[in-house]
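Sharing a structure with you now.
Chain lettering (A, B, C, D, E and F) follows the sequence in which the chains are written, and residue indices restart at 1 in each chain.
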Amino acid sequence: MKLKVVVPTTTPMHVDITVAEVARLQSETLQIDVEGLRYGTASIESAYDEALNLPNILEVCQRAEADGFDGLLIDCMGDPGVHAAREALRIPVAGPAQASMLYAASLAERFSVVTVIDNVKPLFHDLAKVYGYEDQVASVRVIDLPVLALVDLETMVERLIQQSVAAVTQDGAQAIILGCTGMLGVADRIAAAVCEQTGASIPVIDPVPATIAYLISLVTLRLSQSKRAYPPPPPKERNMLELLQAQRPG
Amino acid sequence: MKLKVVVPTTTPMHVDITVAEVARLQSETLQIDVEGLRYGTASIESAYDEALNLPNILEVCQRAEADGFDGLLIDCMGDPGVHAAREALRIPVAGPAQASMLYAASLAERFSVVTVIDNVKPLFHDLAKVYGYEDQVASVRVIDLPVLALVDLETMVERLIQQSVAAVTQDGAQAIILGCTGMLGVADRIAAAVCEQTGASIPVIDPVPATIAYLISLVTLRLSQSKRAYPPPPPKERNMLELLQAQRPG
Amino acid sequence: MKLKVVVPTTTPMHVDITVAEVARLQSETLQIDVEGLRYGTASIESAYDEALNLPNILEVCQRAEADGFDGLLIDCMGDPGVHAAREALRIPVAGPAQASMLYAASLAERFSVVTVIDNVKPLFHDLAKVYGYEDQVASVRVIDLPVLALVDLETMVERLIQQSVAAVTQDGAQAIILGCTGMLGVADRIAAAVCEQTGASIPVIDPVPATIAYLISLVTLRLSQSKRAYPPPPPKERNMLELLQAQRPG
Amino acid sequence: MKLKVVVPTTTPMHVDITVAEVARLQSETLQIDVEGLRYGTASIESAYDEALNLPNILEVCQRAEADGFDGLLIDCMGDPGVHAAREALRIPVAGPAQASMLYAASLAERFSVVTVIDNVKPLFHDLAKVYGYEDQVASVRVIDLPVLALVDLETMVERLIQQSVAAVTQDGAQAIILGCTGMLGVADRIAAAVCEQTGASIPVIDPVPATIAYLISLVTLRLSQSKRAYPPPPPKERNMLELLQAQRPG
Amino acid sequence: MKLKVVVPTTTPMHVDITVAEVARLQSETLQIDVEGLRYGTASIESAYDEALNLPNILEVCQRAEADGFDGLLIDCMGDPGVHAAREALRIPVAGPAQASMLYAASLAERFSVVTVIDNVKPLFHDLAKVYGYEDQVASVRVIDLPVLALVDLETMVERLIQQSVAAVTQDGAQAIILGCTGMLGVADRIAAAVCEQTGASIPVIDPVPATIAYLISLVTLRLSQSKRAYPPPPPKERNMLELLQAQRPG
Amino acid sequence: MKLKVVVPTTTPMHVDITVAEVARLQSETLQIDVEGLRYGTASIESAYDEALNLPNILEVCQRAEADGFDGLLIDCMGDPGVHAAREALRIPVAGPAQASMLYAASLAERFSVVTVIDNVKPLFHDLAKVYGYEDQVASVRVIDLPVLALVDLETMVERLIQQSVAAVTQDGAQAIILGCTGMLGVADRIAAAVCEQTGASIPVIDPVPATIAYLISLVTLRLSQSKRAYPPPPPKERNMLELLQAQRPG
């Protein structure tokens, strides 16, 4: 199985971190490829940022299908471009927000998202509405660290624990979603701390591995997005794609 | 009052038709400017098309605010870029889907959207969910004419009447939204035919004038989008904007 | 354009204040007439009060249509008689609760209503349910001043600011509706104070001007309530109207 | 136990029919008193009619409490004045729409209302929303007979059967509410016919006996409406009550 | 009228207490029989406990119908077996959670359940969802006393008052449901204390008498569960019933 | 990885068929064990049947955890005992209804369930409500074949295709869930036929493989049910378990 992870920003370090992370998941039968953007924004923290990255995301997605990948995930909790890519592609396209909510909602009745900054809170509420998980959202909490500051691991972990515990004890959360794909490899520490401080073991969802596991299950089941829900776009002139292709090196 | 209408496609004829349409609405105290895109797609009939148009839409919107416009509408029923532009701008930004649904939902308990082709049906259901009008949607019906074929006025009107009557009698619609901003200047004919065929006078919303009327009321009331709902995007590198600006002539 | 404002109480001062307020909105092309009740209650702070005012409200509304008015608003946040008047009249009938919620819900995802006393809180929740804005209500808060005490302007403004700030910081409100049509002409002061104390500019809706702006947009668009949603009442004996007409002077 | 049935119209025959109907329910320990209106409308088939009857309904209700009745029901499927009377009274106030929906919703997952004419359909949808039974409404169907024509018993029964069967087979109804308090004493015939034609025994709710049974259970349990949900109206001038009292015969 | 109360546990004391309680409700025309289980669990505080009691509950229910009872209630707030028994029986089957919610929801807009321990909270939320009262649940609170400790009456009452007052003042509850059928005979004391401490009279529902009152009203109205909602189970081999019958003494 | 499939009926053939089906999914690293019940019913087609099987289901589940299985699924579309087993067990417990709805809802906006007989329709609506997928259910359709008749493969496939096509074209379904775990190994044929007859490729979910894939992803991610949502049952006397254990052969 050959999966593509699209890192939807122009920050090369995001690609490097993701390559390191998915390395642990690769095996003889599972190849995971990671690719970033050439044109867009350094990170996504608003609908505005998301909008500026979409054309290049779609260009990468379409190339991935042409290159024979079996499935694809767009590696950002806003699920940027997932809807559009599901229209344009036949292979399954997954987004970490939907995949994480799906696991959280199936293992608990109410979950909280703990994310980076206030600006992205409306995005999660909108996504929960569109995906149908609105009633299960106990809260969206923030650790008040912008995406590009997540490299300070200890501060991030400390604040994630603090907000996750507050989500459980104050908001009634029964599961936690780490609300940024840059919060990599820390879910187990959060889960252990929440269990210790609240007395109950609850799922803490790490979005990237969760989305890959979901995608693997889709490919295994030979399932993909419904073409009734995501009909293929009819042909027409689309010069934005040409503009992007013209920028690709040689 | 100085309003900007952003036509979010690369088809010059869309700008021309809109200029003609809004000419009727201008007055000594109301100036309406129309501008199209340089990079994007010829029309918007899918989330995929919408995604490819967003960067240029936002570039036009930001220039409009800088140029002193009092309000702005993005002239497409998918409300493409409205959320992102509301983040980036202080002046009120309106989308025809939201404005039309708002009028329909306030004058009736259930409304139907009659739009172009099957592909855009999910878009309307998603928008209705995000805007909170989901329970009031009686149905989304199509006339099976792609956007670029709406120039055949008589076929369009005939099918709009047929689908609007069906929405009323079969789906329980009590108001109709014309679901494409290219269905200009025909609302009165549809309303008269629906009244004649169903025996009751119901609102038929023509999205462009409705959105302009809504926008005028916002500017008059000195109201704009909530910065709690649409927080300003923090500064960062966004090279997609540079790419677009680099393409602007001299 | 000729609009009627029906003040649905028997307190002459309410008419006087409203006349003064709408005077600012009149122009060469816009005439706004204000009329109060002869039989009802001194103010409306319960469903009980509302019920006692309805017959006279409807009598005034029907006379307004007969007298050639283009549109009509019933000037009380309970929207008393709006549903009934929409059945009986062909001209557009607006209520300040619906019009205010419509603006708040279109500019923010969640709004709070700040109103007079505890008794009217259920009314707002019921109206939000009927109008379909229930999920967007962050809270209904009160300033604990009965309607007839709103003449103490400074106390009112101080408490409105205090409750509006609490709505934003504690309840997640992103917009505020002033929940009594007697809270006239103070929206800008509330908005400035909320922005200063919470750091974000949000819409503060003053219901009377908002409803007039909405009504003007309806008349301009030649839209009125759906006769499928508000069918005309069939003829029958209605001696309550005769009783009221019998009390009218000469 | 002493119960009052308020017939909220000015048609004396409505009182006579109801007196005959409730006679069957009286016993040594249960006295049921019936009273109609002096001022209002001949029947209620719209929000407009309802509005014109409210003041006299409330006047009768307040007198009933003063006269020592233990509970009270307002005998019309629009539940006119129930909310207002619950504010003004301490004794339990019941409405046939709420009581009928409560029985239907507790014995089935989806129910239909079969009522008189199209005009009252929105009323039932609004009531279902306010009472929280909206999701259980399979449909609201009409027999196309105005209230004042219900005296033609055989036509009424025939159409009730026809619409009830259609509600079950086409709309998925699992219970039927007879949607007018004038459809007295025919529930058993409808139930038998529906069972015969659809093969399943389902509840057919006759609103008047259902509401009396509900009211008896409240009085027995010493339960009444919550004063948090229905707070007592504060004192003030209410000259509409004086107008009505002035019309009462010596 | 002959009603059966099924006590769905294996604790003989539960039967004894219930016999004492219902004794007060019996009369010449009302006989109430109480029966417990031979196989199951000592109390029900989880879905797990409920599951283990279901077969014996159903065995008792089917015998009750065969023995000529007119109606039946399963005396536990989880309504264990109510859905299954409604399929198997023609006589009306009531559950105290549904009956209590029905009274609370009809007398208030929002209610809280005050129950025993944290474990049963999800059960109430699930039941509220299935019965359609989810939006009216203000909160589910616990007194942190396991079912088998409810014999300490004063501690129970004290904590019930404390949590009921908190439900009203902090969660917006307008009515209280005592969330365990073992909280017998204390509703009036709770109601008086809540009224004194919060200043408003609100309904406090004692589930056993409320369910019996509801059941009496059903039998009086000759209403039972819809066979469209609860279709009779087709015949097949069911050896669990045989296993239970084999254990019955001679 | 070692998974247990609990076949929750007493029909040995159900175990045999399932053993054959899961054989295809086993591998060097994946062992799947299948076990049926000794006491219960021959099949599950009602809440009544489900109730009679629960004690033995739980007994098998608890033994599976004690025997070191990594995860467990209860192989029936009613998800019988899933909630209770999630309380009693620490290893992840999956139900095919929830797992199938989760895949369908994530790949489409609206799905239909095509199941065996009318009796089980309410079960699916209740499950969809409890799992939060209610708004995505386009319809529940039946092929009118009882579970024990599913051995007639060709009739089953023919009717599944017919109802699936109807779900797509008449009810707006965008994905299909085969609504009985006895409909094994036919999903691809249904999908191909639906695509041919409706012109669009949509997911057709085969519940058993889908649930196993979901369970594998949980075990891989080291995720299990939230102990806040499914708290462990406190110890107490539970003689139903003893009764079942006493029947186990030596």
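As a working rule, a residue touches a chain if its C-beta (ideal position, glycine included) is under 8 Å from a C-beta of that chain, and two chains touch if they have at least 3 such contacts.
Since we're looking at a predicted model, the values are computed, not measured.
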| item | value |
| --- | --- |
| Chain F against chain A, contact positions shared by both copies (same if over half, else different) | same |
| Reference interface D-E: repeating pair among A-B, E-F or A-F with over half of contacts shared | A-F |
| Separation of chain B from chain D, taking each centre as the mean of its C-alpha atoms, in whole Å | 45 |
| Chain centre separation in whole Å, for chain C relative to chain B (CA means) | 29 |
| Per-residue overlap in chain B, given as positions that touch at least 2 other chains | 109, 122, 229, 231 |
| Footprint of chain B on chain C - complex, ascending | 90, 92, 98-99, 102-103, 105-110, 131-133, 135-136, 168, 173-175, 188, 198, 200-203, 205-206, 209-210, 213-214, 216-218, 220-229, 231 |
| Residues of chain A that touch chain B when the two form their complex | 10, 39-43, 45-58, 81, 83-85, 87-88, 117-119, 122, 126, 129-130, 146, 148, 229-231, 233-234, 236-241, 243, 247 |
